[in-house]
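Two complexes follow with subunit A in common, the first pairing it with subunit B and the second with subunit C.
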Partner chain A sequence: MKILVCIKQVPDMESKFKVADSGKWYTTADLAWRMNEYDEYGVEQAVQVKEQIKDADITVLSIGSGQVKETMKKALAMGCDRGIHIQDETAFDKEPYQIAGIIAEYAKDKNFDLIFTGMQSQDRGSAQVGILVGEILDIPSVSTIVEFAYNEGDVDVSRELEGGIKAKMTVKLPAVFTCQLGLNTPRYPTLPNIMKAKKKELLTVAVADLLHVNARLVTEKMFLPEKKAGGVILEGEIAELADRLIAILKEKSTVLA
Partner chain B sequence: MEVSREIYWNVGHGLWTLFPMYLLTIVSIFVLVSASRKRIRLYQQGLPLHRSDQIGRRVWETFKNVVLQKKVVQATAPGIFHGLFFWCFLFLLVGTALIVAQADFTDLFFGIKFLKGTFYKMFSIILDVTGLVAIIALGLLFLWRYLFRWQGREDHGQYLVMHGLMMAILLTGFVIEGSRMAVTEIGTPLAQWSPVGNLIAQSIAWLDEDGLRLVHKSTWWLHFALVAGFIALIPYTKFRHILTTSSNSFFSDLGLKGKLTSLDLEDEDKETFGANAVKDMTWKDIFDTDACTSCERCQDRCPAYATGKPLSPMKLISQLGEAARNNPEANLIDVLSHDVLWSCTTCRACQEICPASIEHVSKIVELRRSMVLMEGEFPGEEVMAAMEQAEVNGNPFGIGYAGRGDWASELGVPTLAEGSDFDVLYFVGCYSSFDKRNIRVAKSFVELCKAAGVKVGILGKEEKCCGEPMRKMGNEYLYQSLAAENIEKIMSYGVQHIVTTCPHCFNTLNKDYQDLGLTGIEIEHHTVFLEKLLASGKLLIEAAPLSCTYHDSCYLGRHNDIYDAPRAILEKAGVTLVEMDKNRAEGFCCSAGGGRILAEEKLGERMNIKRVEMAAALGREVLVSNCPFCLTMFEDGVKGAEVEDKLRPKDIAEVLVERLC
Partner chain C sequence: MKILLVAEYRDGKLLTNSNELIGFAETLGAESAMVLIGGEEVPTYAGKLYLADVTACGECNPDLHKQVILEVIDKEQPDMIAFCHSSYGWDLAPRVAFALKAAQVSEVVAVSDGKLVVPVCNAKLRRTIDCQSSRIVATLQAGAFGLKEPPSGTPDVIKVDVAGSGRTVFRGYEAALGGGVDLSKAAVIVSAGRGIGKADNVGLIVKLAKALGGEYGASRPVVDSEWVPHDRQVGTTGQTVAPKLYVACGISGAIQHLAGMKKSDFIVAINTDRDAPIGEEADVLVVADLLQFVPVLTEKIQAL
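== the complex of A and B ==
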């Protein structure tokens, strides 16, 4: 079995973000970088499948500058077998269709049985890449999976729907899965695996070799949300507080209607 | 003629005496040696560890702890009894050796007798009195064990035999003396030099001489057989501590207090890290288990044990020994249990009090290393999250690293990267950088430095967590990566002097970082630094009264023996300090050491509440501490103990800053 896991290196969400001079993305000064949270679930799921069926080979793919290799090493330490780094200094500028195009171009002749991506990235948050990869490769895709079980060629998954409802389905492979919080708990890499990861194959490919689609979306502007009025802090006796709270809820919301 | 006595009186000195006597001696010593050799093979299962350097210091340590019983008598009640018994035992042993030396050597071969005259009188009275004191001490030890400390003890049979045998040896000794004196000495002036023997002689003087001689001879042989039995029993009973505990004192850790061994993470051939089986421990770790006398002092002081957690340091050592003897292939982590190993706060109370020089903490960390580095296992998801946060942002809170120096901006503290002149580097640590409550401590410290004319610089966003909690949790890899980054920065700025407000940072930078290349820099905790500024007159304060109690953090106290500097500061500050029962080396951990600051306390009672209750019981206004972890736990603890309005936790720097002139 061949498995592809697509991961993205994103800034830690606790960082202080500033809009870049271009007005279209954030500056990278003072940011700490890590693996996109949802992609970690993808890596973990791939490794769990390999642990289950033994005979599997996991490729981890990431697009970006040389810096993303640091994050790829974590995926290799978690248990991926090899890495494909698609060198692209302006990956942040590419819209989801282009990113999906690059991944699909790489994957099209590799016969991957399973492709995992995150449900969305923590920085751009388009939630499109995984599904677009499935479309371009013309294979099924299932988004926001929270349960995954591999049985002899089929996969039983649950996907999260609105309002806490889950949908169960069985999928024939090959297929793409985008991973949601709750799917699993990503492992902490062990030291021997960190050591081994240093010796694993990590190939770099120029993005120009794989980018054959044109952008369909253009980013117009990036800005911080406008500051709105702050919250209201109520102080006083509990009974009185409750009355005031009810009054506010009646006046400004529909929860008591 | 000079006074003396006939050695071998009544038993004779012919072949019929000497042959069985020496045969019995040789057999008992043979049993002792062969069983000990077998036992040594147990220790050889462990990894090598060099513990025979600095012979002079080791001999001195051994002398202090064995001959002077220094650590033994620290726990007063049973310690003094043991000390008395030991010293008497030692005198009796020396006395017996003198008899053997004269009768079977100097007199036999050279006709020299030295047990005579005044020397004999002294010899006689000393042995007579020490025999009595030994009986009393043994009786007290017996009462202590069987009246006061019966609960939870195991192996009653073995201890009864041991107590009984010792008592029988002492009593038969007096019967021998008494029956001999009843025939040869009673009524002579010499008899008063053996008062106890004399008393016994008088009480059995009604027997005729034949009877006395029969009693004497049979008791002599019984006494001899008992002693031979004692020697042979040493390797099979807790009597072995006579050899192992003394040797362990010789083999004790002479390195920096509490410094852990650094793992070589560059070694690419290494496939296992930490310990999960007996073979991964050092020989000293296994030897420790035999040196343990089960005195329970560690357990009595273990804060985890005291708050109902599954850890007992004593039990851990005995289970380790049990595994080394009977089940060396077993997975030690499963044998000891994961919860036991995660419960330790590395407070060192066990190790500090242990009279047998056992090293508990390093074993626990070594086993944790295996869990973390080999299995990726942590005591809870919150701990794993904190580790990941520290990897990304250099602090366990996961707050953006770039804001690490923000607290200092309004105070105008420069970062070293700005290139301004500085006297000391203030290594702030994660809590004082990011935690609101502890930022107040950092600000107080900076204000004090300013008042004293000391120019302080910080690393700001270039500083990372010192890695201490991670290291104690077993995550040596993360610790070393964080440490390497800090060391590189510190060295690149040519820093000469570092001050920390956190004893964990202090201990780590001062000791642990040495292995990774941070050397030749003066590193101080702020209590010591501020005390010097006060003493030199650079820092001027106005004393003002405050009623408080002071908590010795484990890492300033037991790990670094800094007890006086903070107390001196408080005295100069005009503070009336009332000590808690558990103070100085007996201080009770706040719960946050050993990386437990990253973990939720899910088992047993809350340790911090327990400590706050000890402080609150004194009815003081303020609980002074010297550590951000302690302060954090106490701020939480005063709420848990519902004494928020009565007891305020404060750092010692905050007490001082309120008194600036």
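== the complex of A and C ==
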């Protein structure tokens, strides 16, 4: 069984974001970077399948500057077998169709049985890449999965719908799955596994070798949303903050009356 | 400009989010037509409705649903195809966009000078998009495009036939785990977010909820980590609540959480990040470490 897991490195969402001079993206200096949360579930699911059937080989793929290799090392330490780093200094500027095009171009002659992606990235949130990879490779895809069970060539999954309802589906492999939060419990890499990961293969490929499709959309402008008026911001010493909040609640709400 | 609106149907019911699609067409001042794979019930809509029979098509069958939508696109030749950014819409939109060689713009929140605007980084930033294809596929963020007045009219129904099977098998729905706490009845809800750090700290939130005579709730990561059961999750995949007072502790304010609580009468957020998007909805944002602030607040409220 051959498994491909696609991961993205994203900034920590608690960062303070500033619009870059280009006016088209955010400044990437001074940000902390991590694995896209949704992708962690994809890595974990791949590793769980390998633990179940033993005979499996997991490739983790990421597109970006050299810096994304740090995040790839985490995936290798979680249990992926090898890494393909697609070197691209302007990956941030590529739209989902281009990203999917790069991944599909890499995957097309490798006969992957299972492909995992996150259901969306935390920064762009387009929720397109996994499904597009399936369409380009002409294999089925199921998005937003919260349950996954492999049994002999078939996969039983649950898709999450609104209000906590799930749709139960069965798919034959090869297929693509996009992972939703809560699919499993992503493991923390252990120290021995972090050491082992350092010896795993991590190949770098130039993006130009794999990008053969044009962008269908571009970012015209990035900006900070206007703050809504009306909210009060309280800052200061803890005990005093509590007194001020209680005073506001007494005045503005009936719950302390 | 002409837009094709893709309405939704699930488990025997027509969904009402098609009103947001109509609102979007109105915002753009565009002509529209609608497509629905559904049952007998049709949306209130004054226009052409292409209707395919869900019993022939099957629910959760993306291959066949795509086929129906593409057939209608072929007949109507729309410039834009609009879906809700829902589990149905975000699944189908890329399939349709790929077949049409169209640009897809996900989770549109606004239209500015005729261009589509989408959120970035948990709504901390926004982006205006320039499309370079002749056709555009868009998904709309829930709640972004309302109608000023309820829609009116009866659609002109045109039946669409379907044949085929699809590559995936749908085995039925599984209801949300029910029977637990009904948060919608609580006058006060204090919710724990990932900012509580670990399971042991849920107790702090429970104590504050008790002191305020309310219930405690949680954001999704807290539920996914099994620190709090699912029947207390607030948001699109949990419960929708509108208490007199909602206190969000260590919750960043992702759209899926906000959708479940923003109708609350009064919202207090406690967060170390002054720029957290929850601040946009909150009446009061207390910039503080909840681990220090919540116990002090609880004690003072108990002493009232």
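Heads up, the rule we're going with is that the second predicted complex is superposed on the first by the 229 of 257 C-alpha atoms of A that agree within 3 Å, B and C clash if a C-alpha of one lies under 4 Å from a C-alpha of the other, contacts with A are read in each partner's own complex, and residues count from 1 in each chain.
Basically, contacts are C-beta pairs under 8 Å (C-beta built on N, C-alpha and C of every residue); 3 or more make two chains touch, one makes a residue touch a chain.
Since we're looking at a predicted model, the values are computed, not measured.
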item: Partner chain in contact with A:G231 - subunit B first, subunit C second, else both or neither; value: second
item: Touched partner set for A:L249, first subunit B, second subunit C, both or neither; value: second
item: Touched partner set for A:T190, first subunit B, second subunit C, both or neither; value: first
item: Contacts of A:W33 with subunit B and subunit C, given as first, second, both or neither; value: first
item: Per-residue contact with subunit A, leading partner among subunit C and subunit B; value: C
item: Which superposed partner A:K16 touches (first subunit B, second subunit C, both, neither); value: both
item: Contacts of A:T59 with subunit B and subunit C, given as first, second, both or neither; value: neither
item: Subunit A positions touched by subunit B in one structure and by subunit C in the second; value: 14, 16, 185
item: Residues of subunit A defined as touching subunit B within the complex; value: 12, 14-16, 30-34, 185, 187-192, 194-195
item: Of subunit B, residues touching subunit A in the complex; value: 265, 268, 271-273, 372-378, 381, 384, 387-388, 391-394, 398-403, 461, 476-477
item: Footprint of subunit C on subunit A - complex, ascending; value: 11, 13-14, 16-17, 19, 26, 95-97, 120, 122-128, 131-132, 135-136, 140, 142-144, 156, 158-172, 181-182, 185, 214-225, 227-228, 230-235, 238-239, 241-243, 245-246, 248-249, 252-256
item: Touching residues on subunit C, where the partner in the complex is subunit A; value: 10-11, 59-60, 63, 85-88, 90-91, 93-95, 97-99, 101-107, 115, 118-133, 167-177, 187-188, 212-214, 220-221, 223-225, 230, 233, 236-238, 244-245, 252, 265-266, 268, 273-276, 279-288, 292-293, 296-297, 300-301, 304
